[in-house]
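Structure record follows, encoded as structure tokens.
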Amino acid sequence: MELKNSFTVAADVEAAWRVLLDVPRIAPCMPGAELTEAADGRHFKGNAKLRVGPVQLTFAGEAELTEVDEVSHTARLSAQGNDTKGRGAARAEVTFVLVAEDGHTRVDITTDLNLTGSVAQYGRASGLIDAIAGQIIADFAKNLEAQMVSEPGVEPAGAATEATPPAAAPADNSISGISLVLRALWAMIRGWFARNPNIKSG
Amino acid sequence: MADTREITVTVNGQAQTREVETRLNLADFLRHELEMTGTHVGCEHGVCGACTVLVDGAAVRSCLMLAVQADGHEVTSIEGLAAADGALHPVQEAFWKNHGLQCGFCTPGMVISVAALLRDNPDPSEREVREAISGNICRCTGYQPIVAAALDAAKTLRQGG
Amino acid sequence: MKPAPFTYHDPTSIADVVALLARHEDAKLLAGGQSLMPMLNMRFVVPDDVIDLNGVADMNGIDDTGEALSIGAMTRQCELATSETVAARAPIVQQALSYVGHFQTRNRGTLGGSLCHLDPAAELPTVAAAYDAVLTAAGPDGARDIAFADWPLAYMMPNLAPEEVLTRITLPYWREAHGAAFVEFARRHGDFAIIGVAALLAVEGGRITRAAVAVGGADVRPLRLAEVEAMLVGEAPGEAAFAEAGALARKIDAMSDAYVTAEYRQRLAGVMVERALAQAAERANGEG
Amino acid sequence: MGVRYTGAQVQRMEDPRLLTGHGQYVDDMHLHGMLHAAFLRSSHAHASIRAIDTSAARALDGVHGVFTQADLGPAVAAKAMSQLYPAPVIKQDITQFPLASGEVCYVGETVAVVVADSRAIAEDALALIAVDYDPLPAIIDCRRALDADAPKAHLSSPDNFVGQLRSAFGDIDAAFAAADHVFSAAFMQHRGGCHAMETRGVLARDDQYGDGLTVWSSTQCPYLVRRALANYLGEAEERVRIIAPDVGGGFGPKAGFYPEEIVIPLVSRLLGRPVKWIEDRREHFTATTTQRDQQWDLEVACDKDGKILGLRGKVIHENGAYVPYGVLLAFTSLVPLPGAYVVPAVDVSLDIVFTNTTPNTPVRGAGRPNAIYAVERMIETIARELGLDPAEVRRRNFVRPDQMPYETGALLRDGSPVRYDSGDYEACMDQALDLADYAGFKARQEAARAQGRYLGIGVSAYIEDTGVGPYEGTTVRIEPSGKVLVRTGAASQGQGHHTMISQIVADQLGVTPEDIIFEAADTGKFPQGVGTIGSRVAANAGPSSHDAAGQVRDTALKLAAETLEAAVEDIELEDGVARVKGAPDLFVTLGDLALKLAPMSGVKVPAGFTPSLEATSYAGSAGAPIANGTNVAEVEVDIGTGEVRVLRYSVAHDCGNMINPMMVEGQIIGGVVHGIGNALFERMIYDDQGQPLTTNYGEYLLPLATEMPHIDIVHQVSPSPLNPLGVKGVGEGGTIPAAPAIIAAIENALADFGVVIDYYPVDPQYLTGLIDAAGAQAAE
């Protein structure tokens, strides 16, 4: 599953680049992600939560800045982790490209996310998992932008964040008023920060 | 240490007491603790119906019940349907006469479900029979002989057979 | 596919349940087991503790309060399906139940279990949505009533705090003479609905005076079609009104999965809303 | 000759045991000291394995051993499984390791095994095994497998090409040159999986100081398992005993040889304990071989009257990640071409390709449903294009009785020509049309149309090559007790072989089926066997049991004649005795005759006789008897939801003489329902990364009782000249014609919309898409 997100901040590319490479600082931008170890500037350990209805997954694993190109301001973060209860594994390749645009910096993020194992093998929920994962990445982009904006000398360039998660593009919905993706977002935020969210019975 | 409990379940009229892990389901309790292997397990997610038994007279999926939940209750499995002298239950007899089985793996769940149906609805239509066994998957017979057997058994039971 | 180990609890009172929930952080409540047990067997759900509700007193029973049907969360689906009271006061519940799984699963499955599991395609949540049911949960600070509109938070996530248990469901009666219908399209008898519709229509003097239309299976939660309901009030029950309702229903928000596209769900929603309204109308003036 | 059992509706001998819960399936067996196994399976469609850490799993309380391929011992650590059916056409003969060795090529491939006190503990341990996978690109869509840039299913492969089969006979160019019309059609066929209600299971016990290795397995071919396992272990076949106890349905995929049938015996031997493994249902979706996709692109040449002159085209056949079962499935996808019709020229080539999915092997009908579907689609195409009644187009093309034995030009797997031995295909169709009231359908269709309902009717005719050789042997022995012991290699998965063979033997010896002790599918009890595949048992074990019992009968008559001092012609066998005709009190019991040939010390065996009143035969059929039939399906299509309901289904079929008509009808009804599952419901899908998405019975839709029509059957009997019983096979006859009949009926119902179906299973969403597209087109 491939996801594309981008946003623009009023900062020179070097300032934005500095924030990007500070992985311990940007890791919390990913909802449910937690860095537990940062050995050197390149290798990290941690875990990430993904909740799909009653199924609570915690992927424990590692991430690595596999590519850092100072000249083209391209960075690639490869992460992979296994669910602690053996229900599957997640693998992500996140590529950041910073482009200087007349004093501003556009941040293009391409995420290639793959789930394997029993959790990825439930057809009825496959649409949902894509939507939820898409929302997490869109959330990450928004939080990353906030981080970059809070960097001294950087303000938002007013460009709206285009989040274009793939599968469940916000359907035109004049009837129930809330698009699926927004609701998935609302649920995610509520899900993460409620105390140990849990379905109680079934 | 594994979470275990001692339970007593009356199976086909006989009280059986065992200490079991609480995660053990009722089907595996019958099959492996009591070695009563007539009840079969086909899917373990409540769809195929091969594990259907009666608990306090109600037809249920024994793979979707924990054995500890049957403590103090009555279970009837396929081994308990025929009479003590071995005479077949009218439903078993009708399955035999109408070729209502081939490989026999879905048969325990099918026979128990039909027996429960006929007890609660002595004169079902073909549609009612097909709905009652729609929760029991059979890959061999194509269901038609089973429906014939159920209607045949219903007639026999109504005539006091 | 055997469950991972857990500690089993069999409380006998609601207070015990709430206390257990407070004490055990990663616990699941076991009701009829028709939804939770498959997830335990497949190890999708791996709780430390399983709290069995089957021994808990006063979570069972069907009461006609004169205003509403008040149903214990642990009431078995088969009991609802054969209850005289339900047949008399809310027959749509029994129509919906005929689509729920198979008689073997309805012998154990409960109303509360289905509403807490909240599978997007489940029939009973759709009926609860159509009735504006009120769900009562018990927690450390006592009981809390939740309107069904606020009940589904997200995909299979009800509005229950970790220390709360659903104890009772109330379906408020429609005062007016009305007709009700539940229709569903599924691939096989007993399967998950691709689209299910619960429709209630009050008709007086040849005009629709009140309408409730809920669609299940399209989105992560049952959806009340407010716009359709508004459009119907004042209309004469008949093909024209119901065709228009169907066309509106086709614009519903719908999800895709590996088998069914959003477009097909939307197309089906239109067709099934139209059929449900026709049936409800027949029953409203005593024909059906 | 006593009561005739052959041909009678005898109630089955197997049933009382199965009806009272006393069946003996693999999982019902409990051996002293038995341990339980669970397999760790690849969660990647294609990946290399950098490392496997089993230490945490080994440390779990209750675990007795955790094994990877390397742990299975130096003799086998580097040994892949053998090719079951070698064939020169296989260009890349890649088979898997019992446990993956460095590379996994489909989700579900065995990686490691845990053996523990209970299955639950073994599964707990699986979650503790850490595998360091390096994911690789995977090829999932068979139609893309041969593209230049397609990912390779195997690291070692230059491409995904397994091999090509071609069925070519007659002058194809002349046929197309002379054609008044050439029509083309392209369609994808998805056949679906096994899904016997009993999943697979293996129980092994090794006793090197006693009777060696004994393996109970839910297999259709115990002798194939014995040969492959003994070969892999380098042991004498006699020291590897395979027993198929009661088996809960096979339907094809239980006919192969699986990694678990090596690993479980090996770990049992290494641990010195019996070990049992039972496949759970989720495993079944990926660990048991299946049939998935074939893409067909065909052209048919015909004259102005719809007479077929030639058939040509290409097929892409998905073989999955490995080639465990040779190219049998690909082969049976071509052999039945051109179906029940005279087609002078055929040229169809089939490319077998790898994909990173579960290996494909035959499922009920193997490739025959695919081939017949293809031919029947071309018939429907001709009828539609020329505006002819589909039944009429068939009538003009059928092979006629006077042409029999008729050689189509195709070759069977053993190289012998496909020869239609007997049958009246047109008369059979007419019987089906009458049964279905085909003539009256127009009126039914119009009456429904007036109510806004869409009815449709569809016909499909088929032939089926059955009874593939070389044999299925039987031993018949009369005991001093008068009981008759019958032992055969024929393994049953519910077909009722015990009853069928007992009927034949009972008639030969004048005993009742109840007098027969029946033992089968145990390589320790009968020396050689082949297996239950391709509707072959009746046409092989039928003749061998008939012949063996016949030899015993002749010996008994000769011995009785001597004993009773009468002429052999005056002796008859009835009610367990040999008596002089017309002198009922002049008799000797079969038991006493048996005793004469099995004396204890100091007593002579009568001159001219050899000890033991028994005989063994491997007689079979002198070629593959060709069964045939026509099915008619009547459906209603709800154009609002796209739902298809099969209202009525009529079968006229001919499988030669029927030993037990009740069991023949059981095979047909079960087969038709399996075919309806393939036509409308059963679909196993993967995502583009090769993750299987259909892994439970809420999503894989097996046909249920409520959706099935009543199936009416009429029998035609054209005895086969190829064996003394005149029987042909029927096991797959119901499945083969179902999809073409139903899909033709759907197109007939939606004729107004001009819908042409190019994929099955046909689901409501797909149909509404076609209806809407046709509606939009009409609106323009």
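Each chain gets a letter, A, B, C and D, in the order it is written, and its residues are counted from 1.
Quick note on the criterion: a residue touches a chain if its C-beta (ideal position, glycine included) is under 8 Å from a C-beta of that chain, and two chains touch if they have at least 3 such contacts.
From a predicted model like this one, the values you see are computed outputs, not experimental measurements.
S.K.: Report which interface contains more C-beta contacts, comparing B-C against C-D.
M.R.: Most contacts of the two pairs: B-C.
S.K.: Distance-wise, how many Å sit between the C-alpha centres of chain B and chain C, to the nearest whole number?
M.R.: 29
S.K.: Using mean CA coordinates as chain centres, what's the chain C-chain D distance in Å?
M.R.: Taking the mean C-alpha position of each chain, the two centres sit 43 Å apart.
S.K.: Report, in whole Å, the distance between the mean C-alpha point of chain A and the mean C-alpha point of chain D.
M.R.: Distance between chain centres: 49 Å.
S.K.: For chain A and chain B, what's the span in angstrom between their mean Cα positions?
M.R.: 50
S.K.: Where in chain D do residues touch two or more other chains at once?
M.R.: Chain D, residues with two or more chain partners: 120, 127, 280-282, 685, 687, 693-694, 696, 698-699, 704, 706.
S.K.: What residues in chain C touch two or more of the other chains?
M.R.: 1-5, 30, 38, 42-43, 188-190, 192, 258-259
S.K.: List, in ascending order, every residue of chain A touching at least 2 other chains.
M.R.: 85-86, 118, 122-124, 126
S.K.: Would you please name all pairs of chains that touch?
M.R.: A-C, A-D, B-C, B-D, C-D
S.K.: Under the stated contact criterion, what part of chain A meets chain D in this complex?
M.R.: Chain A reaches chain D through residues 82, 85-86, 88-89, 91, 114-118, 120-124, 126.
S.K.: Give the list of chain C residues in touch with chain D in this complex.
M.R.: 1-5, 38, 42-43, 185, 187-192, 258-261, 264, 267-268, 271-272, 275
S.K.: Quick one: in the complex, what on chain D touches chain C?
M.R.: 118-120, 123-124, 127, 280-282, 640-641, 643, 681, 685, 687, 693-694, 696, 698-699, 701, 703-704, 706-707, 763-765, 768-769, 772
S.K.: Can you name the residues of chain A that touch chain C in the complex?
M.R.: Listed in rising order, the residues of chain A that touch chain C are 52-55, 85-87, 118-119, 122-128, 131-132, 167-168, 171-176, 178-180, 183-184, 186-188, 190-191, 194-202.
S.K.: Please name which positions on chain C make contact with chain B in the complex.
M.R.: For chain C paired with chain B, touching residues are 1-8, 10, 30, 33-34, 37-38, 40-42, 50, 52, 54, 78, 101-105, 107-108, 188-190.
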